[in-house]
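Input: structures, listed below.
Paired with subunit B in one complex and with subunit C in the other, subunit A is shared by the two complexes that follow.
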Partner chain A sequence: MSTKSLIYVSFLPEIILGAFALLIMCVDPFLKKREKVFSTIISIFAIVVAFISNLLFLSRDASLITFNGMIYFDFYSNLLRGLFLLIGFLVSLFAFKYIEREDLFPGEFSSLLLFALIGMDLMAISANLIMTFIGLEILSMSTYILAGFKRKNLKSNESALKYFILGGVSSAILLYGISFLYGFTGTLSYRGIANVLSKGSGFIGSPLLFLGMGMILVGFGFKIALAPFHVWTPDVYEGAPTVVSGFMSVGPKAAGYAALLRIVFQIFPFTLPLWRELFVYSAILTMLIGNLGAIIQKNVKRLLGYSSIAHAGYMLLGIIAADVMGMSGIIFYLFAYLFMNLGAFGVISIFEGKGEKFVTIDDYRGIGFKYPQLTFPLSIFLLSLAGIPLTAGFVGKFVLFGAALMENHMGLVLIAILASLISVYYYLKVIVYMFMKSPIIEGEEIEVRYSGVALFSVLVCAFFVLYLGLFPSYLLNLSKEAVVFLGI
Partner chain B sequence: MSLYNFLYLSSIIFTLGVIGVLVRRNVLIVLMSIELMLNAVNLNLIVFSKLWGNVVGQVFTVFVITVAAAETAVGLAIVVAIYRHKDTVNIDEVNILKW
Partner chain C sequence: MEILIYIFAILSVLFAINMLIQKKMINVALSLLGCMVSIAVLFIYLYATFVGMLQLIVYAGSVMVLFLIIITLLDPFGKIKYTFTSRLWTFFVSIIGLIFGLLLYVIYGSEKKVEAINSSHFSIKALSDRLFTIYLLPFEVISILILVGIIGSIYFGKKNLTDGDEDENNA
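Right after this comes the complex of A and B.
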């Protein structure tokens, strides 16, 4: 393959997504109200095409830097791009009925979703801090709008405002950190910075470098909801439209981890001891705050918001371990988390009914055997989130905790196990309410209306949660193959 | 005058921006404070670009300016949506989501 065509091949999925997103924006205004579904179908088609093009041009044995040193073309990029496209696919399937029910705009939703996917891709594949920043901003700006997508709903507006202000501040802090890093090394490409840093260990104490690193950590910590920077998460997840909350809980988190892994291991492999301590404290805080906060929640969306903070903490254990097993554990966990969390949010988006009326745990009383096609998958997702064996969540946690244990982080692993024990309480509470409590007599009851598409995607998620729980080795091997390109 | 003075200046501007975000209650002023932070970054990047004698920092600055403009557009749209509901742009009154 010539270098010129290689440039386009390495970037093809993003080109496809971008072209289709623009196409939707052009076509959508001319569609009549009844035909608006068409734009959602285009977006699903775009995601499928991008996925196929990603599969066709894998780079399994070489790590190439293309686009004038802007992006990496290696298996890590391929695998994570596949993950993001899967997220986009499932979210648009869930959104199908949801958008119609809540009377929202399918065209804008699907094109914003595609733009968000492009941003996530760019974060995972970038080889230059400029590209990382652009990807982060494309993703953030799309999610700000998506969070406030119910324009006439005050809760949704508020969540968008909170997300926007905190996101704006955090990206400014991230940029300030990047500018120090540039001042320290004189370049912004990952490889260039790593070269400069590898020349001497005298740099490590330098305040400029420390400031730069710390601020970059703050920026990404916000995106993946690590402990001191997690405050926005429950509010934003509660207020945003449920499908969008589902997307926000897996999408930006996965993209943030993808970029953070590249940055930590491709730019700063020599300063790892400095990071590790920060990460250890942050992981402990994140796991405890997430799980303790979730215990008292009445709103299911908010509960999952807190639980998503906790899961970010578990994944941090992989970075702390900093070996192939830990890294591949993170990627495996991202996949597992994608299926279980997106599935849970999908079921919630069906149960809540028009106008998101039924979102408290009390509303879930006694619906267990009434709608078994939805409550059984939901139970699977919740059990998997809690880390019960035979599910994907268990395998993911096992790999992550095992990796940390092998690097002698005994205390940390103990805290992690305690934290996930706490989490069993509130996940099981939802299941108990569904199956064992009788419904409150007076008042409205959940009335389920769903499309076959949504049910299909719920079942797909449930299938993969069980499948990855029983046969994890294939995906684990793929993740191992991918993280080798990070040069650990 | 040494170029380093500009770094001090940019750190002062950045700090003012952070304080503005934390202290001011008007959303519009918070937006302006975020802008202030981004411009401190721009100043920083240009100074470093001059120090190193390459254009990478200046190129980045152009990107930052573009992104800042887009971000402001999105932010103002969100503020308008809130203003239509509550007739206020005071952050403290936007508080239905908590705990």
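Right after this comes the complex of A and C.
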């Protein structure tokens, strides 16, 4: 393949997504109200085409930098891009009927979702800090709008405004950190900075470098909801439209981790001992706050918000371990988390009914055997989130905790196990309410209406949660193959 | 000439502080304008003429005009006033002091001093060279960011987002 075509091939999925997003914006105004579904169909088609083009042009043996040193073309990019496209695919499927039920606008939703996917892709494939920042901004800007997508709902407005203001501050801090690094090294590319840093040992202990890297960590810590930068999470998840909350819990988190892994291991491999301590404290805080906060929640969306904080903490164990097993554990966990959390949010979006009325745990009383086709998958998702064997969540935690244990982080792993034991309580509480409690007023269970598309996507998620729990080796091997490109 | 840089540096800080303590919105905006202009002078003094001019045109010019338009639209008679409690003040001053102290410590504490970049980097030719070669992709991708921003502002700003269909039904 010539270098010129290689440039386009390495960026092809993003081009496809962008082109289809523009197409949706051109087509949507001419559609009548009942034809609006067509926009969602275009977006699903775009994601499938981008996925196929990603599969066609894999780069399994070489790591190339294209577009004048702006993006990486390697298997890590390919695998993470596949993950993001899967997220987009499942979110669009869940949104299919949800948007119609809530009387929202499919055209805007689909195009914003595609733009958010482009931003996530850019974060994972970027080889230059300025590129990473622009990717992050595209993703954040789209999610701010999506969070406030119910324009007439006060809670949705509050959620969007909170996310926007806090997100703006965190982006500013991130950019400030990047400017420190630029002033320090005179370059913005990952390789360039790593080269400068590897030259002299005097660089490593410099407070300027420490401050720059610290600010970058704060910026990413906000996106992936690490304590102490997690405060926005429960409020934003509660107020945002449920499908969007599902997207926010997996999308920005996965993209943030993808970029953070690249930055930590490609720019700062030598300074990792300096950061490990910080990561350890943040991981402990994140796991405890997430799990303890979730116990007292009555609202299921808030509960999953706190649980998503806790899961960000578990994944941090992989960075602390800093070996191939830990890294591949993070990528495996991102996949597992995608299926189980998106599935859980999908079922919640079905149960809540028009106008998101039924979102407390009490509303779930006694529906267990009435809608087994939905409650059994939900139980699988919750058990997987709790880390019960035979599910994907168990394998993910097993790999992450095992990696941390091998690097002699005994205390940390004990705390992590304790934290996941706490989490069993609140996940099981939902299951107990569904199957063993009767409704407060007899015969007054919630009425559930669902479409075939939503049921199909719930079942797909449940299937993959079980599949990854029983046969994890294929994905684990792929993740191992991918993280080799991080140069560990 | 040396004295000019100190004058404008102090001016920019004073304008910034004034921006925080002013009670009327229009005064806040004008203080921001003063701050922007002083920083532009600093850029020009550092031979970054192009960046200085951009600062003047973009920030002091167009962004300020936008601010003023929004102020006149929202609050034409200057009725909105800010109140600052002393607790809020202590909070802000302590945070700013903390960050400022940290920066001073970092800049004077590091062994490697930051060197001034060769001023030839700042010429328009050099800038456009880089913008359209190395930084072409980020430059183009920013258009997506702006597009998303436009979608958002239209989505939130428009009063009624109805389809042609519905209007017919209503009429």
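Keep in mind that, in the parts below, the second predicted complex is superposed on the first by the 484 of 488 C-alpha atoms of A that agree within 3 Å, B and C clash if a C-alpha of one lies under 4 Å from a C-alpha of the other, contacts with A are read in each partner's own complex, and residues count from 1 in each chain.
Note that contacts are C-beta pairs under 8 Å (C-beta built on N, C-alpha and C of every residue); 3 or more make two chains touch, one makes a residue touch a chain.
Note that the coordinates shown come from a computational prediction; the quantities given were computed from them, not determined experimentally.
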Contacts for A:S111 in the overlay, against subunit B (first) and subunit C (second): which applies, first, second, both or neither?
second
Per the contact definition in the header, classify A:L161: touching subunit B only (first), subunit C only (second), both, or neither.
first
Identify the partner contact of A:K4: answer first if only subunit B is touched, second if only subunit C is, both if each is, neither if none is.
neither
Should A:L175 be classified as contacting the first partner (subunit B), the second (subunit C), both, or neither?
first
Scan A:I130 for contacts with subunit B and subunit C and give back first, second, both or neither.
both
According to the stated criteria, A:K32 is in contact with first (subunit B), second (subunit C), both, or neither; which is it?
second
Applying the touch criterion given at the start, work out whether A:S206 contacts subunit B, subunit C, both or neither, answering first, second, both or neither.
second
Contacts for A:G183 in the overlay, against subunit B (first) and subunit C (second): which applies, first, second, both or neither?
both
Subunit A residues where the subunit B and subunit C footprints coincide 130, 134, 137, 141, 144-145, 148, 151, 183, 186
Per the touch rule above, subunit A residues touching subunit B in the complex are 130, 133-134, 137, 141, 144-145, 148, 151, 154-155, 157-162, 164-165, 168-169, 172-173, 175-176, 178-180, 182-183, 186-188, 234-235, 238-239
Seen from subunit B, its contact residues with subunit A in the complex are 7, 14, 17-18, 21, 27, 30-31, 34, 37-38, 40-41, 44-45, 47-48, 51-52, 54, 56-57, 59-60, 63-64, 67, 70-71, 74-75, 77-79, 81-82, 85-86, 91, 94-98
Within their complex, state which residues of subunit A touch subunit C.
11, 18, 25, 32-33, 36, 67-71, 105, 108, 111-112, 115, 118-119, 122, 128, 130-131, 134-135, 137-138, 141-142, 144-145, 148, 151, 183-184, 186, 202-203, 206-211
Contacting residues of subunit C [partner subunit A, same complex]
102-103, 105-107, 109-112, 114, 117, 133-138, 141-142, 144-145, 147-149, 151-152, 155-156, 161, 163-166
